Every structure is written in structure tokens, then in C-alpha cells.
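The structure under discussion appears below in the form of C-alpha cells.
All chains are identified by letter, namely A, B, C and D, in their written order; residue positions are counted from 1 within each chain.
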């Protein structure tokens, strides 16, 4: 059951992720990315992270991606025109992809003793996450508020119209 | 990890410098709508006061070192050193920004608030001892820097700088994060001390995952400090951003980036140093070479300084490759010297550039010595220091770094580094020739008189450069002691 | 039969029942809305299809199904087809976690009057509603029509903006009840015997929570794109907004989604603030007799009107309806049905009251201007919601 | 086999990350490039959650939480930057945005 679930959603995630990269219209890429995020949310549930799964849908799929969609619609961005590829892509792409091939090989070779099954870890409830957030991770939590303030100020500084 | 539900007075005291900066930034945001003029010097004064107070608090806090917030922060000599450094950088940036913002009619409130937030992020990076704080500090510093780079939203170059800085910065962040994830997977913790304890016994044969994590974090941090081969954003960003912001980017985020570079690689990854040393070795050599040779052909002064900044990142990486206390101290000394001379050079550009930043080409420095001998003299000091001429901070910076490299038997790297410095002398000297041996061009004719703030912005770093060159022991001793405390 | 088979069987039955009831309610909510608006405007409303127009929804459904399904040229086909589906499925999804009543006995098997209880039920509803924005946004974009696009941009901006005060006000009752499960939320408001069932246990009467309730309701109006916040489909500016290009069943899907969302937010308001299925006062003081009285009175009135000589059209329908009401009133007295009908009655009565408010407001208020709408969310609603949350947190910390 | 090996999750995460890197390097539309970065962050999050399962430790979830907050902040600022760029140049192609090369 768990294996079937994993295979289904992992396949969706990979296919959608490939779609993000190969689709020529930004809207299609955005929709595919939402698909990746949705299937990752299901995988999070499988791994016992129920709060993070909900946050994934609310924050990522529900807020961040809507913002993307919004900007794409607003700018009416058309299909991408293929041009000569810049040289930096090749310069960086080959070694980066090589590193990931190596990492992949390592992950496939390594066999961790524990398999994943639903309900194997139940420490990811909203209560557990909240408790950790306000005790051990109090400082990062408070400091994050500065980050959000910066985001607000920054977005206004950059995007507001001259009056 | 101990769990404190409520932070105590000690925790809050050790976090006071950051708190001060954040509160002042918020205060400026609140006051901003109350001040009618777009460009008012009030916020600059407030920022200056805050930074001075922050430095005082940071130094006072150094008398009581220790961890805070259950090991999230580690306020030691190292943290204090970098906190003072980035806040000092802040002061040196605020001074030239007075005339600059007045000339461009920029919104001082938002500018200084973002500057303060960015510096608070860098302070956080300097004092963090947990990867989550490092990550959040990094993001606070970066995101406000993205906005600062694009501060003039109607200026095409400023937009472009912000876009490139943002895209490559976020890309680097993803790499850094993947490294953090692998560390968490391999060790089950993200606290630097705990990571070190966990991988200490594996010195001889560390798991692939940890080496991969080190490599990924190296890529991420390499982007942040503009080391080659991850340097491609720097020229466009430094050239396009408003000049005081370019000065800030080349000093503040870079110093903080090196602070976490040193902290992570010398403490957490210290035990597996043999595995990452070749990476640093290669990156430093590449940075020095790419930076210096590309700078030779530049015609824009800001772009030339960007390439020179890549080269200087290479010098600091030489010190990291040495993997020793002496090397860390040398890197810290070099960063101070570099901050002084580089901000000074950018301040001169800012003074000369005129409204809309028209004059930033090397040609525009023609005959500056005839029109404003003081400005030209200051720029001479900075350029000589950037070359590494004795009696300047740059000389002792390079001297200590290469000495540390030799002590760690990195002979070839030292030789290649010295050769590089010789190449670099050419393009700095070209500017001296422009200033002293040509008749004044349109830029030099149009240059405005030195305002008090701009005068201070030039004289302070020049003094710093000279003091570092004549009494290097003052800062070096502090750096040496700080790097010893880093354990 | 072993317990797991029982579980699947019961769940299937529950799903079928809830789905059937919900679909009927959606259709008839439309009828109720037309009737109420008509009476506010002093006209009879639908009257001819069946007695008092009662069969009008059926006629509408037949019309919508059999109408030609136009696919305009130049639309982005996959997204154009997916958008109404997203909208309606996300709207219906939230119903699955909403509890209608307490645990009941069905032939000796204990089950909840709820499809499923999640630990993070509230977050689930929020997640479903935030994904629902895509239905609107994609519909507008894929139609390749400037009015549709403007409507979609407006409404997605509006929905994102109003989601903030909505979530913030939801957080305040959660703090008081200390749970994210919708079932436990009701239980702390008097749903279990430990808390005696009275009005004062409802979160609405917890200090100043009525402010939060008001903010919640206002944001809920905006979240569901209802008047006075229906800028997305402002007819006089944008034809019909994001669903201008849709016809037939696809148009009906958007319609259903809107009404399903209304039901969901009304149910959420009831669960969060109004004590869910709990009666306003304990049964020993006669709260159990209220539905009997209501239905009996309604039945009697219907019979009286039906027998009135002036109402020749309703000679048979009204007395028949009156008899049905009287029968329902009797059902509330029977001990076998009472245990699950009573909570259901209170839940439906409270939800119905809020739904009525939705319709009432539509009949009364004019539409906002767009900048007023956004300004209102950010300048008034949002600060009030934040202050409410902070004050509630402080209150909970001080007084437990 | 009723249990999923943990390494499968890590492989999936690495695959998604690599796809994100490929998207970043080979796509030319700025918004798509930015979305590739989001894809990379999501891949990292999957790793964190998988490792949290392995260590039976909630701190991995906390890191994901902070990554989400940072991603949201980054998205707000990033899209604002993209808007200003578009306003000044009327293009979203990254190759057209290079006015400063010598």
C-alpha cells in the first residue's frame, strides 16, 4: 500500500518536474510546479509530517504559486523564444549535473536499515512542531519576522508607483 | 540540546546588538511617513548613532562570552570581531550615502532601514552556531541586499543588477540548503558543535554524504563571497547597483559570508579538512587569476573594482586553504583591510559619478588630481593598498595570508598568488596615471566640492588603511585571539 | 463482519448520504436565495414550476445539462476544461472534515456524524480553500478574454488578501479551544458532558470574540466572492467576470462551487464560534422542545393557509407540506431518532441562519469599489484581526 | 514489500533538485528560472522530511517550516524585482537583459 502510494506520487512529482523544465509557456510550468508541490505534500503525509504537509499546500501551493500565477498573468508573458544558449550554462551545467549523478548513485547504493511505512513516525503533528518552534527554535522564529518585514518593505520599495 | 522555554537575561544581552539594529530599522520605517521630504538626513544620523551604539554593545558583550538561546548563538571573540567589522562597514557606507541620496533624491527612510536590517542579518551570521540561524541570517542579509541593489527602480542598470543578484543568490541558497539537509541526514543535528563532535571520529574515512554536503555548501557560499567559478554575477551587480550599495555588497555580505565560511569549514568540517582543501585551493587560484586578468581589460571603474573584488576573495580563500589558526587570523585581518580600502575606492566613485551616475568610467578620472587634490590623494592611498604596497593595510593583509599559506606548505599557491598580485598592480596604476598625468575631463570639471560627510567618508577609511599598514599588530592580535576562541 | 468491513460500509453510506444531501442543498439554496431576495424586493420570485416554484431548481439543472456546451475558439483548452473542475472539487472537499453531530449509534455500531476527523481539520479546510483560488484564476486566464482575465486577477488578489484576516481570526478560537480538530473544537464548546451545554461556552461569548466573529464573517463574504465583495463578476464592468466564456455544466460548476463555499464557511463559522451542533441551552431546560415547536408551528401555519379559500393554487400543496412538518415535529419526540436529529437540527439551524445573512446582505448592500475593497482588507480588517489574535493570546496566557 | 526504502525518497529529492538546476541553467524566461529555484527548494524540503523520519526527530520539520517562510519572502521580493525589470524593458527573456557587458 505504502509502496504503491509512493510510486504513484513520486511518478507524478517527477513527471511534473520534468514538465516544469520542458514546457515553453510559463503558465504550464507554474501548473506543473503546483503538481509537484501537491504530490510532495502527500509524500510528507506518508513520512508523518502532517503539519508540514498542510503548510506546504497552504503556503507554497496556495500563496507563493498564486503570486507567480498572478505575475505571469499580469505581465501576459508569452511563450519563450529559443535563442543561443549562454556559455555559462554549459560551463556550470556539466559539473553540477555530474555531482548529482554521483549523489544519486550513492543514494541508490546505500540501503538504510529502516523502511518507511505510514505511521512509523508521528512526531510531526501541529502540536509537536509548535512546541519545538516556541522553545528550542524560539530565536529563529522571532528573527524570521524581520525577514517578512524586509519582504514587505522590499516589495513596496520596488513595485510601488510614483505618486 | 537544552530546551529553555523562556530566554534569560544573558541570552537577551548576547543578542543585544542585533536587537538594537532591528529596532532602529523598524523605528525608521515608522518615522518615514512622518517626515515629509523624500530625502532627509535625519535617518542617516539615526543609522549612524545606532551603528555606533551597536559596536559599543558588541564590544561590551565580548567581556562575557558564551552561548545563547540554547546553543543557537555563540558570542565569542570571533563573533565580536565580525560583528564590529560589519557594523563598521555600515558606518563607512552611511557616510557617502548622505550626499549620494541627496543628489539622486533617493528615499532615505527605506534605504537606511534596509541597510540596518541587512547588517543585522550579517551580525546574526557572525554569531550563529547553528545552521538554521546561519541560514536565516544569510537570507535576511541577502534579501535586503537584493532590494538595495535595485533601489533605483526606474534605472535599467539598477534593475538588472537586482535581478542577477537575486537569481544567482537564490540559486546559491538552494545549494547551501541541500548541503545543510545532507549534514542533517548524516549526523541528525544542525548545531555546528554537535556536527563537529559527530564527524570527529570519522576523520579518516567520512561518509560520502558529509563530503557531498561540504561540497554543496562550498558552492553555495562560493556564490555568496563571489569566488570563482561562481563569480559571474559580481561584475554586473557591482556595476549596476547604486555606488554606495556596491561598496556595501563588496564589504558587508562578503565579510559575513567569509565569517560563516570560516566558522563552518574550520569548526564543523575541521576534522575532514583534507577532503575539502583541494576545493578551496582550486577556487582561490581560479578566483585570483580570473579576477585579475579580467580586470585588466575593463573600462568601467565599478566593473573593474568588481573583478578586483573577485581576486581579493581568492586571496582570502588562500588563507582558508591554510586550515590553521594563523590562516584564520590572516583572513580576518585581510577582510578588515579590504573593507577599508575598497569602500574608500567606491566612495570616490560615488563622489565623482554625478547625478544619475553618469561618470563611472576609468576615463572620467582624468585630471582629478588638479581639480581635487585631496580626493585624488585619498584614492591613491586606497589603490596603493589594493596593490599591496608597504605601509598600507593591503600589504600586511597579503603578507600574513601568504605567510600562513607557507606555514601550511602551500608553496605553489603562494607563488601563483604573488604573481597574480604583480599583474593586479598594472590596472590599479593605470588609474593613478589617469588622475595625475592627464588634463581634466568633463567629469573632473563637473565634480562637486567635498561635503563634510563625503570628506569623512574618504578620510576615515584612508586612516584605517594607513593605521592597519603602520600598526598592523593592533588588529592582528585581536584577530589572533578571536580565532583561538573559535572552538 | 469484521470491523474494517463495517468501517468501509459505514463510510460509504455516509459519503453517499452527505453527497446527496449536499447536492440537494446546493440546488435548493439557489431557490431559497431567489425567494428571499424576491421577498426583500416585494415580489413573489419563482412561482410557476411546481408549487411555489419548488421544482425550479430541478428545471434549472435539466436546462444546464441539456444546453449546448460551447468551447470558444482560442482558449487554452486543458486549463479551460480543468478550471471549473478544480473550483468545484476543492469546494466540495472541505465538507469531508466538517462534523454535523456527535458520536451516534447505528445498529449498535458507533460512528461519527462526520466523514473523517483529522488532527489538522482546520488546516485542511484552509488548504482546500487556498487551492480553490486556482479555479478562478485559471478560468479567467485560459478564457483568453480581457474581461475574464480582469475578473480573475481581481478575484484572486481579493481572495489572497482576505485569506489573511480570515486565517488570523480562525486562529483565535483555536487558541481558546487548544485544538485543530473540528470535532474537539465543538466538544470544548459544550459538545461533551464535561462542559455543560450552554450558550456561554461558545467561543463567540469568550471575552471579545464577537469582534473576531464579525471579522470572520466579513472576510468570508469576500472569500466566497459574494456581494458586497463580488468584484470578480461585476456585471456592469466585466460582463460576468472570470466565467464570462463558460456555458452549460461548466458554468454550473462555478455556480455550485460558489454555493458550496458559502455552506463551508457558514459551517466553519458555526463550528468555530457558535458551538457547532450544541444546543444553546441544556436539554433539561427544554431546548429539545424547540425544534418540535418550530416544525409544529410551521406545519400548522401551512395547513391554515392551505385551507384558506383565497389560496386556490395551494389547496393541496400547502396542507401536504404542513403534514410533513408535523410528521418531522413528531420525529423529534421519538427517542430513537431524537439522539441524532437534535444535534443535526441545531447545526443546520445555525448554518442556515448564517446562510440567510449571506442572502440578506446581498439583498441590501451595494458593491464596493475595487480600491476600497483592497484598502478595507489591509487597512482595517487585517490590523483588527492581528490585534484580536494578540489580545486573545494574552488572555489565554493570563487566564488559561 | 510493504515498506518504502528511505533511499527512494532521497533519490526522488536528488532527481527533483537536478531537474531544478537544469531548469535554472537552460531556461530563458526569468519567471521559469525563478520557478526552477522553487523546485530546488522543494526538493531540499523532501530531503529534510525524509531525514526527520529517519532520525525520528522533529527539527527537520522546523527547518522545512523556515525554508517555506524564506521562500515566501523571496518570492515577494523576487517577483517585485521581475516586475520592475519588465516595466523598464518590456521583456522577460534573460538573454535580452544584459546591458552592461563590455
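Assume a contact is a pair of C-beta atoms (placed from the backbone, for glycine too) under 8 Å apart; a residue touches a chain by one contact, two chains touch by 3 or more.
Since we're looking at a predicted model, the values are computed, not measured.
Visitor: Farthest from chain B in C-alpha centre terms, which chain would that be?
Guide: Checked the centroid distances; the maximum from chain B is C.
Visitor: State the pair of chains with the top count of C-beta pairs in contact.
Guide: Answer by contact count: the chains A-D.
Visitor: When the C-alpha atoms of chain A and chain B are each averaged to a single point, how far apart are the two points in Å?
Guide: Centres of chain A and chain B (C-alpha means) sit 30 Å apart.
Visitor: Averaged over CA atoms, how far is the centre of chain C from the centre of chain D? Could you give it in whole Å?
Guide: Each chain reduced to its C-alpha mean, chain C and chain D end up 37 Å apart.
Visitor: Please compute the C-alpha centroid of chain B, do the same for chain C, then give the distance between them in whole Å.
Guide: Here chain B and chain C have centroids separated by 56 Å.
Visitor: Give the residues of chain D that touch two or more other chains, as numbers and ranges in rising order.
Guide: 10, 17, 20, 34, 50, 54, 57, 59, 62, 66, 70, 73-74, 77, 81-82, 84
Visitor: For chain B, what residues touch not just one other chain but two or more?
Guide: If we look for residues of chain B contacting two or more partner chains, we find 132, 136, 139, 143, 146-147, 150, 153, 162.
Visitor: For this entry, which pairs of chains touch?
Guide: Contacting pairs: A-B, A-C, A-D, B-D.
Visitor: Under the touch definition given earlier, write down the residues of chain C that touch chain A in their complex.
Guide: Residues in contact with chain A: 76, 79, 119-120, 123-124, 126-127, 130-131, 133-134, 137-138, 140-141, 149, 152-153, 156-157, 160, 163, 180.
Visitor: Which positions of chain D touch chain A when the two form their complex?
Guide: 1-12, 14-23, 25-29, 31-32, 34-36, 38-39, 42, 45-46, 49-50, 52-54, 56-59, 61-62, 64-66, 68-77, 79-84, 86, 92-93, 95
Visitor: So in the complex, the part of chain B that touches chain D is made up of which residues?
Guide: 132, 135-136, 139, 143, 146-147, 150, 153-154, 156-157, 159-160, 162-163, 166-167, 170-171, 173-174, 177-178, 180-182, 184-185, 188-190, 235-236, 239-240, 297-300, 303
Visitor: Within the complex, which stretch of chain D touches chain B?
Guide: Within the complex, chain D touches chain B at residues 10, 17, 20, 24, 30, 33-34, 37, 40-41, 43-44, 47-48, 50-51, 54-55, 57, 59-60, 62-63, 66-67, 70, 73-74, 77-78, 81-82, 84-85, 87-89, 97-102.
Visitor: Quick check: in the complex, which residue numbers of chain A touch chain C?
Guide: 27, 31, 34, 50-51, 54-55, 57-58, 61-63, 66-67, 69-70, 73-74, 125-126
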